[in-house]
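Okay, here's the structure, questions in a sec.
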């Protein structure tokens, strides 16, 4: 009986350790705690080019993360990319003439959506569309343009 | 001469197909008996002890050192790009996606798998399995199935412990010894490691490895030639086959999970 | 086929003439049956069994009478253990029928076979005790698996079975602490735990010292008479076996070459039976494994 009980206690400890490890991985290592993707409200923005923007990329305002990219899809009628943004519920006063850019973090970093507030007194609400957007800068295009301008200037 | 070679090739092919068939019959029989075992948790807890608790030390120590090496190597490379803050991502992603499940499976195959094969093989060689059958007790359901389920349950828990200890090891080396910023270490990790894509896929992988490793170990024991030489051969084969199967299966699973 | 000595023995084949070769698994040939409660617990008819190309049994007929000790003797390698495995349904015959208490063992489904096996106990050569359980737990094992006895009832029953084999005091030992003879007695206690109708003994005397051999001989006889058991005993140990058996079969080269009471076997004149019973080094069974002539073998020039 004693041996049996000892085994059971050790097995219990083992399983508890396993679950604690899984919990640690979920909460401390992964984005599960930060995810909470069902909260907040949704905005859409249309871009002529999203570059390599990924789902779950950050949405920032003044450099602070206020939400995430929920989906990126293609509108076959207007040939534009439709990006759905999930904005944290606490950020509920984004002006409706806000400008959406796709930036790159560093020269080779990940792309993210940066919002620049306008001056309108009206705020965007769930389901609204951001009217003013700036497409992603594609490195090859920039280099091409640069060379073209140099050639034209001579 | 050529015909002899062909005949030998054919014979080994037929033998392999036969063994594969027997292995699948055994798998089916073990799955059929799973419900019965779950209703008798005593049987299961003994096997969780054998496979899980007894592997805990080697898993913990290995995880710690693997995490520390990842921290050191990752730092040396990343610091050249001025990206030492990404150390947390590198360590965690490598552990959770690949090293945790794979190394745990390899260690379990060596530590617990070989022990299972030897145990079942010896039970066969000493007529204990026949003895059970003569007592109208099905050895597959009574002896093999609890071990099979124990392996499947223990493997993901061991892999999670391995990864968690590894991340802590990486943290210790990166933050404690090399001076990476602790906040950046964790926040970058949390930003880039995804619960579903990385953690859950890692768990799925380790469950699959648990099935494969214990299945191979039990089959090698059950199918052994009942002599001491046969048992020792089966034990070696169990570890080799399990290691190869884990690495091969890892590639397939990785391709399915991450290769769009 | 025409080995010397075979012609002199009584052939139990019903047809009398040369046995027909083994064909497909046959239907039960109910020739000698006279009503369901047959006097024989086990009836084997026309049994054929091969392992690869080697013929183990060819047209063997065998009856095991109820409440008697039937011994099956023969030199090592004649398939005596195989015979027990066939009777208990662990192996299947290539042809012929094996009926235990009227049920064809080789055609039973798993559930029916397991039901039948609860009424059989088998004593393995090695004892086959579960090495990670104590003596008590080993004997309790079949009871725990197949009955819902209360703990105190179980304890009493196990102690009674252990008392029957004289090992009540060894209940807390682990199997690796037992001598070979004690392990066999524990295994015997386990085999009778479920009060079977029949016990099969696989070489019970092999490798035992004279004292434990005598103990086992006495136990087997005693258990058989006290519990009205049917016993099948497989052995090559001539004197001890003849001392306790009621009925003896001698098997060689896949065939029954003699049958009868121990006295009849002792008096048998055939060269083969004499060699086996008297333990002569040369006779119908040769000392030499089949080989070409020695001189021929020595003087042929062949590089190895």
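As written, the chains take the letters A, B and C, and residue 1 is the first residue of each chain.
Criterion: contacts are C-beta pairs under 8 Å (C-beta built on N, C-alpha and C of every residue); 3 or more make two chains touch, one makes a residue touch a chain.
The structure presented is a predicted model; accordingly, all values stated were derived computationally and were not measured.
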Best-connected chain pair, where connection means C-beta pairs in contact: A-B
Per-chain CA centroid nearest to the all-protein CA mean: B
Distance from the mean Cα position of chain B to that of chain A, given in whole angstrom: 35
Inter-chain centre distance, chain B versus chain C - centres from mean C-alpha coordinates, in Å: 44
Geometric centre distance via CA averages, chain C-chain A, whole Å: 77
Interface residues, chain B side, partner chain A - complex: 42, 45-46, 48-49, 52-53, 56, 92, 96, 154, 156-158, 160-161, 163-165, 167, 186, 189-195, 198-199, 202-203
Chain B to chain C touching residues, read off their complex: 122-123, 126-128, 130-138, 142
Contacting residues of chain C [partner chain B, same complex]: 88, 90, 110, 114-115, 117-118, 120-122, 124-126, 128-131, 141-142, 145-146, 187, 190, 194
Residues of chain A that touch chain B when the two form their complex: 4, 7-8, 10-11, 13-15, 17-22, 24-26, 28-35, 56, 58
